[in-house]
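Here come two complexes built around chain A, the first alongside chain B, the second alongside chain C.
After this line comes the complex of A and B, so read on.
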């Protein structure tokens, strides 16, 4: 697979971009370095959502909760105990994955909208606990000024840490989506009944997908703490879940890197248009409508189609995109 | 090998399967026939666990499988094809069969190895047998109907079943395709020593390849016997063959 990855058209441009991003703090102003780091963190959360929704076909609408749980687990360990930072960092994704396991265990028993409703309810329950449990979580005040180990003390080192963790996470996620597990997950998305008929335990497979995706959402949560040194209850609120959902929609569900692009678009809009008007969401809304009408496969899906071989027939072509886009970059 | 002991299944007030019994011995080719709505597909759904019977028992290799979920029944060695094409339309032909082969090898949850290098030979061997190897890279949804029906069978073979259940394998096929599919089924039974249970509307096909035939009407079993016994049975002549050959 490694050879094929190197030979694929997207590999060298991606390496180039990565090298550029690596040197970014050397010439870019601090503010831009921060914005880029924010995009990395959020896009990891969005990609973990894409894993269950885009590739798994599960209606995991309140995915942001696991991002928040990962962030809070790390933040609480750092703020309330003297645990080594490494332990706190590892605890984030593990707590998120355990939460995903518990919530997912109930949810995979249901399908589609019922799955979504239960997932939103159980997720909101966790938000309510964090929001109300003032003495432990700080409620709506959150936790601020979280201590960081010395190697993460400067904004630059935090940037590098986030970039490295993001890169490793992406390689892992890509490998997983290309594995038999990932293939089977997409087969379940397309035809769960047939999967049962060939001996696949569909529920167990979906649960495993949720656990893996929530693990990565937890990593994103830890990176958020590294970047912001604070957590607040909004991290678990449904609005944030909706936001990362829109990032995936904008970027493209069936593409691997689509959510990164979607995140970059939204974070930039909020930062640069939001500076001039608080109605930046209006522009986002219009953009979203345009994308849904004209680029149903998302921006990344559209770019892939431009870069791919010329279509033979539009109907077949659409299916080819879905099939190849299912695992392509 | 498979024994269905008077199973019942009702949908609201409609008795889809009303005390049907069936018995399939190892290595046999058994056909289930009956008019539309006789409950053939429902019976197959009961055997493969997609539906649960209200009453009755289904035994496979001396083990009761009546209430097992579909994926466990598949792992016991029963797989099926579907009457209405039921494939993975967005995967390639190769990918369709590979999903089943990986499941059979218990590798569906392998996380850190590329799927494209796993179970390749086994998958290609199956495509070779059914004659789809030259189309392995095509998207399954773009195949002709006849090829999709053959792919149905290929997916079912991916689990190396002992008992293969085919629900109207030639439905909607052209006469040539039908002939090809029947040759394939005979070949499979011979080469792999498969036990095959199928249902089919075309009586010529049924009487030419089935070793034993079970006749259903209104969800009940009228008779199960050799083609000769079925042909000579008065009740069958009245109830079923009579209608068609009158």
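After this line comes the complex of A and C, so read on.
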């Protein structure tokens, strides 16, 4: 598998981009370094979501909760206790994965829209508790000025930390998706009935996928704390979840790197269009409608179809899913 | 803390009156879900537009008439916007997958949200209830706002009107038939595209009614669409997709658990309705009443 990865056309250009990104803080102004780091953090959340949405076919509608839980676990440990930073950083993803296990355990019993609605209500429960528990979580004020270990004190070192963690996470996620488990997951997405018939435990695979995805969402949450040094209850609100979801759809939800592109588009729209006008969501809305009308597979899916004679994106796969009714609510 | 019967009863009635607003909005959402199969996130934005339009109309017609005019004109205004949106955008997309429709309606809600910001600004607005409905009456020794009684009256009126529309009128029957088998209805020589447009406008009209009804009870602001639409989707799901009476049951569960939660544990009152939804979904995953999907 590793050899095939190296031989694929995208591998060396990606390495080149990665090396360029490593040198970014040397010449780019501080603001751009921050924006890039923000894109990394959010795109890790979006890609972890895409593991279950694009590759697992699950309607994970409240993924932001796990991102937020990871961030809050780390932030609370750093702000309320004197635990070493490393412990707090590890606690974030683990708490997120545990939350994912509990919520997922309930959700995999249902399918599609009902799955989505159950997850939204369970996630909103967590949001409501965080939002209202002023004495512990700070309520809607959140927690600010979280202490950081000395090796993360400067913006540059935070940038490098985030980039390294992102790269490692991406490699891990790619390996998982290319493993037999990942293939099974995609098979379940395309035809759950048949998978069940050949003896695959569909629910258990879906639950495991949710736990893995929420673990990575938790990592993204920790990186958010590293970058912003604050957390707030909006991280767990469903609007953020929908925004992450849209990053996946916009970038191309059947492609591995699509969510990164979607995140980059949305974050830079907010930053740069937001500078000129406060009505940047109007522009985003129009852009989204254009994408839906003209690029139904997302930007990355479209690029991949342009790129090669044998499309890696899922024009064919999508039709098959439509035929089996797999994507409908 | 001791709670008198009167307090519980009056809080219960407040819950029911809040449920009625939710019901009016959710009935519209459920109708659109049932007939068009579109999970319309923009429904919340239309509700917000209804509330803002009510504000503008009551300012334009000060005095007693303003609110009553607004109650009719604001929903019509919302219906007009939805008709334009349907004919220009929605009608091309009904064949798409539901996830794409969800994304699309979200995009529309982003646009509508910003248009509201352009037209009405980001300040808090408030509408005062008409003199007839101001003040409160005494029920079981507890005082109870008149406007809430009015809401409790309005819910059933809207419900019965929608029921009569879907079961007794020809267009209502056609739209229900189109929900079941779109192609067959087309084969019978009916212009399905316009039936869908009509059903969509009716649903959005109800969102406007909900917005107008809620206007005197809350401060009207940007963001009220977000809080509403998620509740509306949960209500429609636990009631049974596309089932109007399901929307009523769901709204009552949501509204009453919330208002009783305020009484028993104010800090975590918003937790209770979500808890109720979780329990319902675990016990009856497809909703309490029969879903048309």
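Rule of thumb we're sticking to: the second predicted complex is superposed on the first by the 309 of 329 C-alpha atoms of A that agree within 3 Å, B and C clash if a C-alpha of one lies under 4 Å from a C-alpha of the other, contacts with A are read in each partner's own complex, and residues count from 1 in each chain.
We take it that a contact is a pair of C-beta atoms (placed from the backbone, for glycine too) under 8 Å apart; a residue touches a chain by one contact, two chains touch by 3 or more.
Being a predicted model, the structure only gives us computed values, none of them experimental.
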Room on chain A for both chain B and chain C (clash or fit)
fit
Touched partner set for A:91, first chain B, second chain C, both or neither
neither
After the superposition on A, what does A:122 contact: first (chain B), second (chain C), both or neither?
second
Just to be sure I read the superposition right, which of the two partners does A:267 touch: chain B = first, chain C = second, or both, or neither?
neither
Touching A:239 in the superposition: chain B (first), chain C (second), both, neither?
second
With both complexes superposed on chain A, which partner does A:152 reach: first (chain B), second (chain C), both or neither?
neither
First (chain B), second (chain C), both or neither: which does A:114 touch?
second
Once both structures are overlaid on their shared chain, how near does any Cα of chain B get to a Cα of chain C? Whole angstrom is fine.
16
Chain C-contacting residues of chain A that also contact chain B
322
Considering only the defined contacts, which chain A positions touch chain B in the complex?
1, 4, 175-176, 178-184, 186-187, 190-191, 193-202, 205, 208, 212, 316, 319-320, 322-323, 326
The residues of chain A that touch chain C in their complex are 59, 106, 109-110, 113-114, 117-118, 120-122, 124-125, 128-129, 131-133, 237-239, 242, 245-246, 249-250, 278-279, 281-282, 284-286, 288-289, 292-293, 296, 322, 327-329
Seen from chain B, its contact residues with chain A in the complex are 48, 50, 69-72, 74-75, 79-80, 82, 86-92, 95, 98-100, 102-104, 107-118, 139, 141-142, 155-156, 158-159
Residue ranges of chain C in contact with chain A within the complex
37, 39, 89, 92-93, 96-100, 103-104, 106-111, 113-115, 117-118, 226, 230, 233-234, 237-238, 241, 267-268, 270-271, 274-275, 277-278, 281-282, 285-286, 293
